[in-house]
Amino acid sequence: MVQKPTGPGGLPLPRTDNSVTWAITDENKPVKDGGSPEPGPLRVFNYADYIDPATLKKFQKEFSTKVEVATYNSADEAIAKLSSGAVDFDLIMGLSGSNIVDLIAHRLLAPLNHSYLPNLEKNVWAELADPFYDRGSHYTVPYVVWMDGIGWRNDKVKEDIAGMDVPWDIFWQAQAYRGKVGILDDRRDALSMPMQRDAMHKGVRPDLNTEDEDVVNKAQADLSELSGICNPKVAITDYQTLPEGKTVLHHSWSGDVLAAAFYYLPEGTPPDVLSFWGPDENGVVQNDFFCIGKGTKRPVLAHSFINFMLDEKNAYDNFVNFNGYVPPQKGIDADVLLKQDLIPKTLESAVVRPDQFASNQELLQLSVTGQRFWDDAWSKFKAG
Amino acid sequence: MSVLRNPWGKPRFLAVMTGGYIIWSVLPVLIAIGFAFNDGRSRTTWQGFSTRWFTGETGSVLHDPALRDALGHTLLLAVICVAVATPLGVALALGLQRWRGRGSGTVNGLMLLPLVTPEIVMGVALLLLFLQVFGGIGLGTDAQAIGQITFTLSYVVVIVRGRLVSIGPEFEEAAADLGAPRRDQFFRVLLPLLAPAIVASAAVAFATSIDDFVVTQYLSSDASTTTVSMLLYSSARGAPTPALNAIATVNLMITLLTLAFAYLVYRRFAGRDEATAVATLEV
Amino acid sequence: MDGEIHLEELCKKFDDFVAVDGIDLYMPPGEFFTLLGPSGCGKTTTLRMVAGFERPTSGRILLDGSDVARVPPHQRNVNTVFQSYALFPHLDVAKNVAFGLKYHKLSKDERAKRVGEALELVDMTEFARRKADQLSGGQQQRVALARALVLRPRVLLLDEPLGALDAQLRKNLQVELKALQAELGITFVFVTHDQAEALTMSDRIAVMNGGRVEQAASPKAIYEEPDTVFVADFLGVSNLLGAKAMGPDGGACAVQVGDRTLRAQQGATEARGEVKVMIRPERIVVEPHANEGEQRMPGMVERSVYLGGAYEVHIRVLGGELLKAMVPNDGGAFATALEPGAAVSLHLPSDALRVLIQTEPEEPDEDAVSMAAAEAAQPPR
Amino acid sequence: MSGSRWTWRLVALPGVAWLSVFFLVAFYTVLAVAFGNQDTLSQPVPHWNPLDWNVGYVSEMLDNFWHGGPFWTVSLRTIQFVALAVLLSLLIGYPVAYFTAMHAGRWKGAILLALILPLWINYLMRMLAWINLLAPDGVGSDVLHSVGIEDLFLSIGLLDEPGGWLNGQPVTVILALLYGYIPFFILPLFVAIDRIDRRQIDAARDLGASPASAFFRVTLPLSWAGILAGAVLIALPMFGDYYTADLVSASTQTNMIGNQIDEFMRQGSEKVTGAALTLLLSTFLLALMFYYLRTTRRAGTAAEV
């Protein structure tokens, strides 16, 4: 049997072929059944601009409580702050499978009591109601899913990107769009992009959680090559810069491009100038989850919030009115949205399908050594 | 004879250059202020005058919770910073001025160091301090206030000491000579004489706190500890609305009013030259 | 009588620098007592010790018999008029004057009355509501005086209070200040580096140098009967000649200057060996070259400076020393004939010649010397 | 003045204690972290005792420098950017300071006010102003286009494409640094020039110097301390700047040393590397500072900062 690399604190690293059940220990037990929601305020830690204020308002009204949302700008920042012990929240949202081992290792989470979460089984995609990174959903419940792809302005970029053999190649042919190209400011997403490109050329399935230093360095070299070709910005503000035309070609999260169409388009710009392409297989998909902070004093209220967000109507409203990231709900897919004329055809592929989710890969937590390869490569790329 | 002294040819060239420089340095800000009053969403195309980004129903400084809270937090930090840094700095200035002999030189150097330390170095040092040593304080408002106090303290000391030097010891001696005990020498004479400098240093501390970015950002914990500067930084790269210009404008007005007030107080009591010296102190 | 000061073995060191080097002084009550000396001589430090601003390193300060050396300034019944006046800029004139009265148990009316009297005394009543920085230098000086006097001190200390004023105002105030002291009858201790001022105002002068008192006596005695070379040199223009004393000679001292032997009746007539002989320029009589004989020396005019009422004539005598003599401008032809190169004879009357034993182990520092020289350049009044 | 010497030390104590804890101890924490280690959760484990110091991370970084690794690239770029920005500050700032001090006449007060004003405008707001102006449809872009500067920059390769000022151009970052910091350069320079006794220049002219030679032999040397003070004053914070490059460019081609530190410290999980880099930057700046102090002291003109 091959020795599997371990992650922070010697914990196992979940993979699709190595699912993990996180133990519920005696010293950290889920809240008892049958409680009623505690008085607020509910203190939530979330990505900036990642939940619809109207949804929040509705929850506050329904539960006659207050919600205080604190935000972070990157998962690294959130983990750093949470693990420092300097901050403390009832509910944490926006983190993903690539953070789960950190969260468990630092003992930041309280286990869930599913009796408060009837919507989980009722509405959520089956594979995410019992995900491999947290079997039995002991600690996490999915919020939204997305994939990495290419967002572009089809009024400015003339190439038929979706029709290319290897659409990722567009970045290496983007001389014409120099200065108006963006790469996601996230080491894992950014470095996995040239890995996917390589694999697509070779027709193989890449390991996007590789710990092979050579593969990581090759990806860095490819990415650095872009500097000379199109001098990309390294940013996660594509949901603002694409609609404004400040960038025309962006390595994007699918949700950001939908958000751009829903919310950020300047007056007079039609939504169908935005296009998105994402791979059907061997690309990056990810999902965020809700979890409950270990130190919470309002566990029932926090569960209530999760269940509220898993309600189909609430999830849908939050998705189309603001967020743009697809909730993994059985009742929501691209066809529904197209029919309701909510999104243009050009953005159809930004709505992640369950089959896509299954055949792409999640970016997952690496071992400490593996992480260092990626960190070093990233700092080298960032140094220009 | 001034023409003869001038090696650049006619001073007219210098005058044009100076005028050009001033336009270059101030005009962009004036334009940015102007766009705070734009009726449309654009920050580059003028669409008519409006105060909607200041007081409008949605997305304005007054009604957008993110903007309003950022402004509120900025002011909160500034008030804490002034309330702590001023008395602490005044005491340190007095102590340093009177404490002759061993140790005072070292302390003086220590006091000046924050003035020449790049902010990122201070930000990193304080961040690590609060993560590794003072986990109990943690990041957030307390840490931000402490960080700001640490470097505004030096400004207070420099201003108050400058005034102390120009006052000299003879007023206290005169008070003592006339029978005033220690306490009265301080409260009836020295403190009133120092008052303009204390007001000025408080204003400088206030303005410095309001405009601080790096240390405040490094020591922030979450959105509730976002200041106007942080908001400007995180939004400027994207596609913000003129509300961002509006909040920057409000910020600027608060700073300038504070400083103008301090300048007038100082000038009234301590003369124009010293007042100008204080106004340029950020150098 | 109140206001009597004894300084005993008073010393003050600042780190390694000895500012006041064990002085003994008696300042009688009700007198105008002046501490005179070049800058850095220790006079201000002495005054500040009396006021209480400096703590003596050793020695005693007896104020009416009790040692106050360790008493803080606000508990001493002495008050000071500062060199820069130190009027409180945030208070008006009346409040400045009333400042110290707060520490005396007085009714409000009494307090107002005392302030009124004090302002009247210095003729500043009409300026009561002015801020200190709206006053001229002379007015500030008066207010500072009123502020100190209103407390009815036993001793008033004045630290060069006229230093910042122009010459004319200064002269007027000298007279006023002296009159005021006479009227009040309290002890004034006055510090100055201006010998003319000291001579004009004082009842008694202590000349200080290098942290020590060189001589303490009446102005007349100080000027006419200096004990030391320094005092002689510091007060007015003096001619000091190196000489060899050969012992008493019938109430006088025979001194050899160059190849001449002169008789000197003043000073240390008992002395033998190396001494200085001093004579004031106005006591030298310049005579035609032909005059020879007792107490006379030949010389040659090097310069003649027209001073209006007199000529100051610089004459090089045999042996190389340069003497200054005053020749009255009496309209006669002799005075005008004293051009460079003219040969003359100097008459040095024996009752004007003073023998001084050179005691100073060290020369005063250069600044002090040049300052003293500058002061000395003014003829005494 | 009387009073025990301990009284004043006591009065100074709270301030001294504050600075000791939040400046000295904070800085020592950087040392302890940089010479410390990481736990299995990638969190720093500071080594407080200097005897236990682990030089691994620092030496790794130095190694990276010597062998032309990314830190070398970034440092070199940072030095270039700062040097150019300081040089441009001098070229623009000297005539302005000189005019204000020597020739402004009755306008002096007003000009001085205009020179001081930017010091008190939020730095980020001033950057925000330029971002708006330099956007492809911004007023600044139009002006630069119509006065031909855009063409000039395009032709010498400082700009990639018309209107592309915000496309990640090094020149934009340098100009933004210049814009951001030049007021801090001009003021000390103004003070230095203003302090020059005009009679000294008159004397030089009287002794036969031409206007130019009077300037180069008298005025310039006398303002040298001000130039140096201003240069140090803006160079120090520029070396730690990360926000300017990030705001006006965000390209990897313009990242400065501050961006690397920010990346490690605030974004990423490599705090130990970040601390080591901070330490190296501080050491470099401290050396710069000492060099400056030595130069000015030798010149007998310890500039007031």
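Going by the order they are written in, the chains are A, B, C and D; count residues from 1 in each one.
In the analysis below, a contact is a pair of C-beta atoms (placed from the backbone, for glycine too) under 8 Å apart; a residue touches a chain by one contact, two chains touch by 3 or more.
Given the structure is predicted, the values throughout are model-derived calculations rather than measurements.
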Notebook entry, point to check: Going by the stated contact rule, which chains contact chain A and chain D alike?
Noted result: B
Checklist line | Chain whose Cα mean lies nearest the overall Cα mean | finding: B
Note to self: So, comparing C-alpha centroids, which chain is the farthest one from chain D?
What the structure shows: C
Next item on the list: With chain centres taken as the means of their Cα atoms, state the distance from chain C to chain D in Å.
Entry: 59
Note to self: Centroid of chain B to centroid of chain D, CA atoms only: how many Å?
What the structure shows: 18
Next item on the list: Go ahead and note the Å separation of the Cα centroids belonging to chain B and chain C.
Entry: 54
Checklist line | Intercentroid distance (Cα basis), chain C paired with chain A, Å | finding: 92
Next item on the list: Scan chain C for residues touching two or more other chains and write them down.
Entry: 52-53, 72-73
Next item on the list: Note the residues in chain A that touch 2 or more other chains, in rising order.
Entry: 235, 246
Checklist line | Multi-partner residues of chain B (each touching 2 or more other chains) | finding: 131, 173, 176, 237
Checklist line | Touching residues (chain side chain B, partner chain C) in the complex | finding: 170-171, 173-181, 184-185, 188-189, 192-193, 195, 269
Margin query: Could you list, by residue number, the parts of chain A that touch chain B in their complex?
Written below: 45, 48, 53, 68-73, 81, 84-87, 235, 237, 239-241, 243-244, 246, 264, 266-267
Checklist line | Interface residues, chain D side, partner chain B - complex | finding: 1-3, 5, 7-16, 18-20, 22-27, 29-30, 32-33, 44, 46, 92, 95-96, 98-100, 102-104, 111-112, 114-133, 135, 137-140, 179, 182-184, 187-188, 191, 201-202, 205, 211-212, 214-216, 219, 233, 236-237, 239-243, 246-247, 250, 258, 261-262, 265-266, 271, 274-275, 278, 281-282, 285, 289, 305
Note to self: Please output the residues of chain C touching chain B within their complex, sorted ascending.
What the structure shows: 51-53, 72-75, 78-80, 82, 84, 86-90, 99-100, 102-104, 147-148, 151
Next item on the list: Within their complex, state which residues of chain A touch chain D.
Entry: 8-10, 74, 76-77, 79-80, 83, 102, 105-106, 178-180, 187, 224, 227, 231-235, 245-246, 368, 371, 375, 378-384
